[in-house]
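Each structure below appears as C-alpha cells.
Two complexes, one shared chain (chain A), two partners (chain B, chain C).
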Partner chain A sequence: MYDVINHLINTVFGLGWPSWAISLIAYLLVATILFLVAPFQMLFLTYFERRAIAQMQDRIGPNRVGPQGLFQPVADGVKMFTKEDIVPDAADKWVHLIGPCVVVAPTMFMFAVLPWGPGMVPLDMNIGLLFFFAISSVSAVGLMASGWASNNKFALLGAMRAVAQMVSYEIPAVLSLLAIVLVTGSLSIVDLIHQQAGLFISSADVPGIPDLGLGWFVFTPVGFLAFIAFFIAALAEGERTPFDIPEADSEIVAGYMTEYSGMKFGLFYLAQYVLNFLLCAITAIIFFGGWQGPGVGWLYAQAITPTNPDGNGLFNVLAGMLGVFYFLAKTYFFFFVMVWVRGAYARLRIDQLMDFGWKFLIPLTLVNVISAAIWVGLTKWGAAEGLAFVEGWAPLMRWGVAFVITLLLNIAAYIFLARVYSQAQDERARLDNEVLERLTNVA
Partner chain B sequence: MDLLIQIIFGLLSALVIGAAMMVVTVRNVIHAALWLIASFFGVAALYLLLEAEFIAVVQVLVYVGAISILILFAIMLTRSNEGDRLLTKYWWASALIALGLFGVAFLPTFTGTTWNMPQPTGPAGTPEVLSGVEELGRGFVSEFVLHFEIAGVLLTVALIGAIVIAFEERSRRRRVLTLAEELELRKRRQAAESVD
Partner chain C sequence: MDIQRGNIIVMDRRRGKLRAGQGLLQGLKVVWDHWIGSFRKNENFSQIHGTFTIEYPDERMKLPQAYRNMPVLIYDDETGHELCTACYQCARACPPEVIHITQAKDPNTGKMVPASLEFIIEYDACMSCGLCAEACPFDAIKMDHFFELATDDRMGLLQRKADLNRPISYYTTIAPDLWDEVKEGAMKKLQGSIKRRPGVIGIAGHLSDKIAARRRELEAEAAAAPPAPADAAPAAPAGKLSPEEKAAKLAAMRAAKAGGAAPAAEAPAPAPELSPADAKAAKLAAIKAANAAKKAAEASAAEAPAAPVDEKAAKLAAIRAANAAKAAAAEAPAAPVDEKAAKLAAIRAANAAKAAAAEAPAAPVDEKAAKLAAIRAANAAKKKSE
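Here is the complex of A and B:
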C-alpha cells in the first residue's frame, strides 16, 4: 500500500511529501478498509450460522428480509442501534462502558497481521504470530471488567468462567503453534504461508513438478496433531458450543453480557463473531496454507513484486483474487465446521472442560513439540548440528523417515493419553458415586 | 521524524506515569488494577518505540494477558476491603523517603551511562533488529543458560506448590450436589426406607 500511495502522490502528482506522511495515509487507508471488512464479516457469519444451524435442526431460519433472508443481519443491526441503552443503577458506570470496548478492540488489532492474499498483508511483522495471540489475550481483561462492573452474580460468574477457559486453553493453542514455529523457524505469518508452497511433502522438492501450493502443514503428522489440538482450543477461545459455558443461557442467563443492552450488547456480539472469523482464518493460514493453492504461485510469479519489479500488474490482481478466494473458502469451511459442531454436540460441564484441557490436550501438544523437534532434526539438520548420518540420505528419504517416526510417536502418545484419560474419567465417576453413597448412608 | 518520536514518547510517558499515579490514588481496588493494566500497555508501547517488538509483545502477553488477570482474580475472590484514602498528614515524609531511595538507585545509572550512543548500523542500510527472537533464544541457551534454568526450576516449584495446595483428596471433598444428584439421592433414600 505504501508503494502505491508513494507512487501516486510523489510521482504522478509530484507533490514530494515526506515519507512519514505517506506512511500515515497508507496505514489509515488500510485500517479504514479493515474496519469496514470486519463488521461485514460479522453480518455475513451471523446469517450463515443461523441458516446452517436451522437446516441441521430441520427448520428454515431467517428467510423474510430480502432474498433468502439475506438482509436479516442488517435488520438486526438497526434493531441493536435503536434499542435503549440500559445501565443498572448499581453498576460501575465507567467500567461498564469500557468493558465492551476492551473486548472489541483486540479483535480489530488482530486484523493488522492477517494476510489475505499474496502480498496483501497490512503489516508483515517478524513476530506476527505472537502478536496475534498476545493481543487476543487482552480481551479477557474486558470480559472480566464488564462482568464485574455489571454488579450481577450471573455476569460475574460468566466472566470468571470465560476468563478461566480462555487462560487455560491458550496453553494448548500456543503449544500446538510452537510445534509449527519449530518446523518453520519463523514467527512471521507471511513466512509461514510461503513455506507451505509446493507439494504435499512440504520440506522436499521434487524436480519437474510445478508449485501447486499444497505443502500444507496439515499433511505432516506434527501439523495434523497440532491442527486438531489447535482447533479444539480455538473452539474454547471463541466460546463455541461444546465450550460455551461462559454464556450458558440455561444456567447463568447470558454470562457477562447479562446486564448489557443495545449497542453495547451488539459490541460483544460483534467481538465474538469477528473473533470466530479470525480463529478460523488463522487455522486456515497456519495449517492449510492460507491463500496457497493451485495456481496462485504461478500467477504471483508473473506479478509486480519487490523481487520482480517489471512484472505485469494484471497478474497482481489475478493472483490476489485467486488467493483471497482460496483463503476465504478455507476460512468459511472452518466456520461451517464450528456451526456443525454446535449442531452435533452438547455443552460440556466446567470440570470436564478443565480436565480435557489440562490433562489431555496439554500433554498431547507437549509430545507434539518433541515430534516437531525430531522432524526438524531429520529434515533440516546436518553434520554441523551433530547429525552427520542424515547427510548422505536423499531429501525424500529424510522426509519419509521423519514422517514415519513422528507419526508413530504421535499415535502412540495419543493412544496412551486417551487410555489414561478415560481411566481417570471412569475413576472419577466411581468416586463421585462413592461420595454420593456416603452422603446417603446407603449402598 | 525525530520530533514526531519525541512527541509520541512524551505522550506515552505521560500515559504510563499518569496511569501509575491513578493506581496508587484511586480508592477502588478494581479500578486500581485496571489503571495498572493501562500502565502496562504504555510500557509495551515504549518498547515498540525502542524497536524491541518481541519484548513489547511479550509484555502484553505476560503482563496484560496473564498477570493482570491473576491480580483481578485475586481481588475478586478475596474479601473486598475498600477503605478511605490512606493519606496521613505525614505523607511528605514518605514522599521524601521514596524520592531519596529512587535517587539512590537512579543517580548512578544516570551519571554512569553514556547516553549518546551512535546509531547501530546494519548491513546494507537495513535497521538492525535490536532484540529479535533468535538473539534472545541464543542468549538463553548459551550465555544465560544458568539464569534460564534457575528460572525454569523456580517456576516448576511454584507449579508443584500450587497443585499441592489446591489438591483435595477426592474421597474427602465436599461439593454442592447437582439437581440430578439430589434426585438420585432422594430416590435412594426412598428405596432404603421401603426396604426397612
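Here is the complex of A and C:
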C-alpha cells in the first residue's frame, strides 16, 4: 500500500510529500479497510453458520430477509444497536464498559499481520506468528474483566472457565505451531506461505518440485498432526462447540456475557466471530498455504513486485484476486468444519476439557515437536550440524526417509497416547462410580 | 423404504469396537449425510435425510378432510336455502356454550319456522371441538379448514350468520368425501324444511338475487290464483281467508268489542286484494283506534254512576267516541297504504274521542268528571298515535 500511495502522490502528481506522510496515509487506509472488512466478515459468518447448521439439522434457517435471508445479519445488527444498554446496579460500571472493548481490540489487531493474497499483507512482521498469538491472549483479560465486573455468579463462572480454557489451550496451539516454525525457520507469516509452494512436497524441502502452490504443510506427517492439534485448540480458543463451556447457555445462562445487552453484547459477538474467522484463516495460512494454489505463483511472478519492477500491473490484480479467492475459500471451509463439528458433537465437561488438553494434546504436540526436529535434521541439515550421513542422499530420498520416520513416530505416539488416555478415562469413570455408590449406598 | 405399521424394522447400528477417534468420525459422517441431504426436499416421512419444512406462508400443507378448525353454516347453492333448522342441537352440545340461535317466526301467524333468524358463534371462545358438527342432525354446521383467525379486534370474532354462511360447493372443495357420505340425507331433509318455510325465510341473507327470484315466484303464484272481486269487500269472504285477512278481521272484531255498542262485523273488513303489508298496517290502525275508543269509553263509564244526572250525556259521549273510533277504523282499511296512514287514522280516532268528551260539559255537575274523561281519552289517543 505504501508503494501504491507513494507512486500516486510523488510520481504521478509530483507533490513530493515526505515518507512519514505517505506511511500515515497508507496505514490509515489499510486500517480503515480492515475495520470495515472485519464486521462484514462477522455478519456473513453469522448468516453462514445459521444456514449451515440449519441444514445439518434438516431445517432451512433464516431465509426471509432479503434474497435467501442474506440481510438477516443486518436486521440482527439493527436490533442490537437499538436495544437498551443495561448495566446492573451492582456492576463495576467502568470495567463493565471496558471489558467488551478489551475483548474486541485484540481481534482487530490480529488482522494486522494476516496476509490476504500475494503481497497483500498490512504489515509483514518478522515475528508475525508470535504477534498473532500473543495478541489473541489479551482478550482473556477482557473476558475476565467483564465477567468480574458483571457481579454475577454465572458471569464470573463463565469468565473463569473462559480464561482457564484459553490459557490451557494456547499451549497445544503454540506447540503445534512450534513444529511448523521449526520446519520453516521463520516466524513471519508471509515467509510461512512462501515456503508452501510446490506439489504435495514443499519446494523448500525438495528444490525443483513443480510449483502448483500445493506444497502445504498438512501433507507432511508433522504438519498433519500439528493441524489436527491446532484446529482442536482453535475450537477451544474460539469457544466453539464442543468447547463452548464458557458460554454453555444450558448451564450458566451465557457465561461472561450474561449481564450484557445491546451493543456491548454485540461487541462480544463480533469479537467471537472475528476471532473464529481469524483462527480459520490462520489454520488455512499455516497448514493449507493461505493464498497458495494452482496459478497464483505463476501470476504473481509476472506482476510488479519489489524483485520484479518491470512486471505487468494487470497480473497484480489477477494474482491478488485468485489468491484472495483461494484464501477465503479455505477459510470458509474451515469455518464450515467448525459448524459441522458444532452440529455433530455435544459439549464437553470442564474437567474433560482440561483432561483432553493437558493429558492428550500437549504430550501429542510435544512428540510432534520432536518429529519436526527429525524432519528438519533429515531434510535440511548436513555435515555442519553433525549429520554427515544424509549428505549423500538425494533430496527426494531425504524427504522420503523423513516422511516415513515422522509418520511412524506420530502414529505410534497417537496410538500410545490414545490408549493411555482412554484407560485413564475408564479408570476415572470407575472411580466416579465407586464414589457414587459409596455416597448413595446403591449397589 | 416403505414403513408399515406393526412391522419390525431392524436398524443397522454398525456396532463393533470403535477404535480411538472412530466414533467422532462416525458422528461427523451422520451430520454430513444430513447436510448433503438437506439440499433436496423430502417427499414423504419415510425419508430421513432432507428438509421436511413447508415454508408456510408461501406454501401450504394439504389439510386432511377431517381437519377441523371452526364451525361454519352450510347453505344450498341452488335454492340458497340454509340447511339449519334452528333445532338447537348444536347449542346444547356446545361445551363452552358459544352458539346462540334465534328461530325464525312466520310474521303472519307468529308460528315458528324451521329456519334460523340469527345464528351467532363466538369464535373467540370456541374451542374447535367439533361437537356441534357431530350433533347436527341436518348436516348444517360443519367444521371449516380456515385457521388464520388472528385479529386485534376481539368483537370481530363474534360471527353472525352472515359471516358463517358457506355454500355447499365450498364445503365439497375442502371435504368432498365427507360431504358425499351425508349428501343424500341432508338434501332430503332440506327439501322438507323448504316446504315449511313461508316467503323468503331460510334463504341465506346475502343472496339477494335468490331472494328476489323467490319473491317474484311468490308474486307469480299469487297472480295465478283466482282473484276475489274487489267490490265484495264489505261482505267478508266466509270460507277461505288468508292469514292476513283473518288477522285483520280479528283485530276489527276486537276494536268493535272495545267500542261497546258499535256493530262489529261490517266495520273493518279489509279488501281482499290488500297486500300483506297493507293488511298489517290496517290491523295496526284498527287496534290503535279500538284502544283509544276503549280508553275513552272506560273513562266515561267509570264516571257515569257517580253522576246519574249526567249519565245520558256521558253515554252519549261514549257512543260518539265509539262511533268516531268506528268511523276511523272503517276509514283506515280504505286507504291504509302504509303506517303513516294508520297513524293518521289513530289520530283521527283520538280527536273524535276528544270531541265526544268535550260535549260532556252540558251537565255542569259532572263537568269535572267528563273533563277528566276527555283528557284521559285525549292522552290515550295521543299516546297511541305516538
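In the analysis below, the second predicted complex is superposed on the first by the 432 of 443 C-alpha atoms of A that agree within 3 Å, B and C clash if a C-alpha of one lies under 4 Å from a C-alpha of the other, contacts with A are read in each partner's own complex, and residues count from 1 in each chain.
Going forward, contacts are C-beta pairs under 8 Å (C-beta built on N, C-alpha and C of every residue); 3 or more make two chains touch, one makes a residue touch a chain.
Just so you know, these numbers come straight off a predicted model, no measurement behind them.
Student: Using the superposition on chain A described above, determine whether A:144 touches chain B (first), chain C (second), both, or neither.
Tutor: First partner only.
Student: Does chain B (first) or chain C (second) touch A:322, or do both, or does neither?
Tutor: The answer is neither, since A:322 touches no partner chain.
Student: Have a look at where A:341 lands relative to chain B and chain C in the superposition and call it first, second, both or neither.
Tutor: second
Student: According to the stated criteria, A:56 is in contact with first (chain B), second (chain C), both, or neither; which is it?
Tutor: second
Student: State whether A:226 touches chain B only (first), chain C only (second), both chains, or neither.
Tutor: After superposing on A, A:226 lies clear of both chain B and chain C.
Student: Kindly classify A:278 by the partners it touches after superposition: chain B alone (first), chain C alone (second), both, or neither?
Tutor: After superposition on chain A, A:278 lies in contact with neither partner.
Student: Among the partners chain B and chain C, which is in contact with a greater number of residues of chain A?
Tutor: B
Student: Where does A:418 make contact in the superposed view: on chain B (first), on chain C (second), on both, or on neither?
Tutor: second
Student: Residues of chain A that sit at the chain B interface in one complex and at the chain C interface in the other, please.
Tutor: Dual-contact residues (chain A): none.
Student: Which bits of chain B are touching chain A when the two form their complex?
Tutor: 1, 4, 28, 30-31, 34, 37, 53-54, 57-58, 60-61, 64-66, 68-69, 72-73, 76, 129, 132-133, 170-171, 173, 175, 177, 181, 184-185, 188-189, 191-192
Student: For the complex, which residues does chain C have touching chain A?
Tutor: 20-21, 24, 27-28, 30-32, 34-35, 37-39, 49-53, 55
Student: Where on chain A is chain B touching in the complex?
Tutor: 20, 92, 95, 98, 125-127, 130-131, 133-135, 137-138, 140-141, 144-145, 148, 156, 160, 163, 167, 170, 187, 428, 431, 434-436, 439-442
Student: Using the touch rule from the top, collect the residues of chain A that touch chain C in their complex.
Tutor: 52, 55-60, 63, 340-341, 343-345, 414-415, 418-419, 422
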